[in-house]
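Okay, handing you the structure first.
Labels run A, B, C and D following the written order; every chain starts at residue 1.
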Amino acid sequence: MSQTILLPERPPGAVALLLNGIFGENPVFRLALSLCPAVAVTTTVANGIMLGVAVLLVQVLSSVTVALVRRGIHPRVRIPAYTIIIAVWVSAIDMTLAGYFPVLYAQVGLYVKLIVAFAIIISRLEVFASRMPLIPTFWDGLGMGLGFLFALVVIGAFRELLGSGAILGHVVTPEKPLLFFALPAGGFFTIGILMAFFNALERWKRGGKAPTAAGGGAHG
Amino acid sequence: MSAPAAGSGGAPGRAAAGPPTWAPGETWRIVLSMTLICAAGAAILGGVYLGTERYAEASRQRNERAAVTELLSLGSDATVKEIRQFLSPARDAVIYRTGEAGADAGGNGTAEGAARAPREFVFALDGTLLRSGEIASANAGEKGLHPLGRIFVASRDGAPAGFVVEGEARGYKNRIRFFVALDREWRIAGVRVVEHEEDPGLGAEVATDWFQGQYVGRDLDGAANLDVTKDPMPEDWRDALRRRGTADDPAWTERYGPLRSRESDRPIYAVTGATISSRALTDGVRATILHFRRRWELLEPYLRAAGEGA
Amino acid sequence: MSAETIAPPEPAPFVIAPGPHVRAEETTTKIMWTVNAALAPAALWGALVFGLPAVGVIVAAVAGAVASEAVAGRVVRTRTSVRDGSAFCTGLLLALTLPPLVPLWAAFLGGAFAIIFAKTIFGGLGYNLFNPALIGRAFLMATLPLPMTAGWITPAPFFANAAAVTTATPLGAWREQGITAAMNLLGGAGSPWVSLIVGLRPGSIGEVSVLLVVLGGGVLLARRIITPTIPLSILVGVLLTTAPSGQAGLHLLSGGLWLGALFMATDYVTSPSTRNGQIVFGLLIGALTGIIRIYGGYPEGICYAILLANTLVPALNLWFRPRRPVFAGAPS
Amino acid sequence: MDSIRPGRFASRHVTSAALGLAFLLLFAATAAADGGDAVIRGARVRAPHHLRLELTRPASSLDPANFRLTDARAPDVPIEIRSVVAEEGNAVLLEVNDRLDPSAAYRIEMLDPAAARDVRPAPWALLLTVVLSSALINNFVFTRYLGLCVFFGVSRKRDTAISMGITFAVVMILSAMLSWGLFTFVMAPLKLKFLQIIVFIGVVAFLVQALDTILKKTHKSLHQRWGVYLMLITTNCIILAVPLLNAAAESGPAESFALALGSGVGFAIALFLMSCAREKLELARVPAAFQGLPIAFTLAGLFALAFMGFSGLTFLR
């Protein structure tokens, strides 16, 4: 999975890194799992944007911090140090969101705090930020963060449209078409269906060969 | 199970590798770097905490005042006084504290408000006044007090303009916090859910304008007998409620007035599939109004005597 | 064993297959159409007393199930076909558990959802973990709570029901207003008990006539398509949990208890394969039904009780292993 | 087969320890509850509008004015009593205007003969409700999506799932109680609540390390079997969620324990059911696009649909 991806000798360019984060290694649909609590709680686009932005900020800030201070961190305590860095940024963003967007925050607050436990963030620090210079690290963090945001917005839109017949709170249909998708059970189905869709897309691109990612390993 | 958690994958393996390469100088470097990281983190967090806390408090107060004036359909020229209600630590007395000067509406803390020190009124459970007087700060010594919600008293040009009472109910999952607005004639001017954790699409519908619009216009008697029905809402009434905004609008009232008077004697129509949430909010609104009515009857004469009356 | 046996992807050390789920296609087809025939009297009765809306719901649900079986089966190339009658059976069972006033598009959608998400994506007949018809019903419960909990009409034999008037079911009335209200609702045919047994009461399309449902179940029992173990255990479970409330009679005769006990809990694929497992399974369904009806959030609990018990079937199959291998075979 | 033994052994000990702790707490809670009054022997909310009192002596008057009923959350406002009816054996039935909540606390006072009593559900019933609610109705996996990583990661084999479930439940209870103590006695008085994320992570990491070391020293075989799972727990959302939820609700010790117990048991149940289902799924011919995680998510969705049957379940009626 993500930890074992081999890095090229020279850091790739900004555009490649961004695209990789959004599509190639989309942290939700392709690398799967690590973010599922956040993904599944997005019953609306607004929630998706809120959580997506929170994850984006945490990822970029932590990546940049690690890239800046990595020489000062002893390898022996790398993991605890990374955890502290992530926790600090999560706390900071948590407080900021709670202060500035109290209404939205009330719905997703617990999950903003739990960003600290998303294994994919720390794995990005391990794989990329601890070895690469500052600039590519920034682009990689941004790409991954945008990938989260993209996935969360897609899922939020899917569920809000089907579940409450609205997009960003604007009513599209007066009656709720399929309330099911706004419920927890519907969230699982949404992710299952979207993942299957991306799998099928990948198979089709490779001419029928089985996909490699989204196989179901164990991320913490 | 080939790949253990990223978060822990490195640490145990490394620890098991043992200390052959351990050098005394390294320990200091590790301690130093971790201390620095922690110190920097603490500094960042402390700064963010101080920065956001003040802003959050200010924005909370601003939002609440905006909600009060909107619920009562008042302009920004209205004055809003805040009264906090508490139960004493021994639960044997009710304490009312008038708000500080900063709690005036629209941010334009008037000279009158600024001059007045917060007051405290303490009543026994049977309604006798135990003591009253000025206190140093409205926030002083809140420890151990059980909050009973707040009352916002609005006035315009020195004349009373209505109340907004804060209430709480136990919803389907967690508590529902809401405001009930009463106009000068003690009619419900509006209900607004400000905090809830109900299921989206189901219980969360109690926080919508159309559901809350059902309460509007009921008088004290109607409020005391509020009930919930599982019957489907009549289509014309649903349509009317959907067209109604957050505040009362004369054009709406003119058009749908007859519907409103038809429905004002009927129970609240429960949200489909969320009777528990609908009932929780309705029971909460009813209890909040009944409690407020009794407390205000007690408190109002003393407030007026102290020159705090609205 | 038949030629249709599916080879596991890799040689498993030992496979405890639940029950006789591998059958010759011939047998499956025969069994499924027998079940459909056994359901016919109850379905016809529902159509008779609830009129055109009920007919529409039955047709729509069956159409949804059969159409999605045909389409989805082709897309993912399962080996089941429309002709074996299992999709028809799923659609019919779903329709029989629905209130008569469910919108037709919803009935169609429920049938499609049941087939696609409870059956096809698990590889078709024989691999599903949950009863597809009940998944369809639970999906509709979550999607359209209003018609699903309030779409009942008063029965009127022989299409006498010109304007359908919505009403409550006996169980709903019992929960909301108590036993007297429930009994008043059942005054139709003289004694409330006669109304319950004959089927002159508001309720889901196929569940109202206990008599005809039991008749259909009797046919299945006589043809040895099902055994009485599971239905009897369910009845005992309901009796045990509802007796303290003093209304065991009402609970045993109302709601979809008999339809669920005889036709859905006995589904080969989603019930345990050994007798002891089946007894535990049945008792669990009965107890959950009683608990949900009395303490839960819904007036009727059999649907969720069976689904919850379905989640335990793989575990029950492990806990109550047969001493010797069960040969999947013809029910002699 | 040999390796299963330590697991069995441990599971039995862990279960009995947890049960013992639960009973101890229940006992303490019941003992602390008020023992009743000499006159009012029992009081119980019977129906939304009815309260039944069991008296040792007959009430001298059935006038509603003889009684004063208040909500514990508003003891200054009496609840209007519509009528008082005498029942068999000195019992009286009060009919009130408000809808009474059987899970809330009330106080009933009687003027003649003078008596007072708190009306509240038995502590064990409240705690049982919290446990049931967090284990079944609001199962962390099926309604809050927490712990999905582990849920999908280790639910492929039943043995692994059982060990993981038990390990999780134990660590969850321990870390929740430790975090509760820190939060209530250190962080809240020092106004350091904003450090909760870091502190709770630290607590979990510390606890996992400590358990690992203790197990390694004392029960080698146990450590061989469970050490791996302990390490997987270190930073996991479900373990972290319990203290965070407790902190947000400012729960007391009993509630915190009940929430941790319920969540742990709920997670173990979900893991066990899923592992059984997935073993069966091994044989299924799942369409190619759905193989792997998509089918696992769909399956979890079906479980969640079935678990909706528990919604609204309460024994406080």
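Note that in this section a residue touches a chain if its C-beta (ideal position, glycine included) is under 8 Å from a C-beta of that chain, and two chains touch if they have at least 3 such contacts.
From a predicted model like this one, the values you see are computed outputs, not experimental measurements.
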item	value
Innermost chain by mean C-alpha position	D
Pair joined by the larger number of C-beta contacts - C-D, A-C	C-D
Distance between the centres, which are taken as Cα means, of chain D and chain A, whole angstrom	31
Whole-Å gap between the CA centroids of chain A and chain C	41
Per-residue overlap in chain B, given as positions that touch at least 2 other chains	1, 4-5, 7-8, 41, 45, 49, 202, 273, 276
Chain C, residues touching no fewer than two other chains	117, 139, 142, 145, 297
Residues of chain D engaged with two or more neighbouring chains	149, 153-154, 194-195, 198, 232, 234-236, 290, 295, 298, 301-302, 305, 308, 312
Graph class of chain-chain contacts, one of line, ring, star, complete, other	complete
Complex contact set, residues of chain D against chain C	158, 272-273, 276-277, 279-287, 290, 295, 298-299, 301-303, 305-315, 317
Complex interface listing, chain B residues touching chain A	1-11, 14, 26, 29-30, 33-34, 36-38, 41, 44-45, 48-49, 52-53, 55-56, 59-60, 63, 195, 197, 199-202, 242, 273
List of chain A residues in touch with chain D within their complex	32-34, 36-37, 39-41, 80, 83-84, 87-88, 90-91, 94-95, 109-110, 113-114, 116-119, 122, 183-189, 191-193, 195-197, 199-200, 203, 210, 214-220
Interfacial residue positions of chain B with respect to chain D in the complex	1, 4-5, 7-8, 12, 41, 45, 49, 87, 91-92, 94, 123, 125, 127, 148, 170, 172-174, 224, 276, 279, 283, 286-287, 290-291, 294-295
Chain B-touching residues of chain C, taken from the complex the two chains share	145-146, 149-150, 176, 297
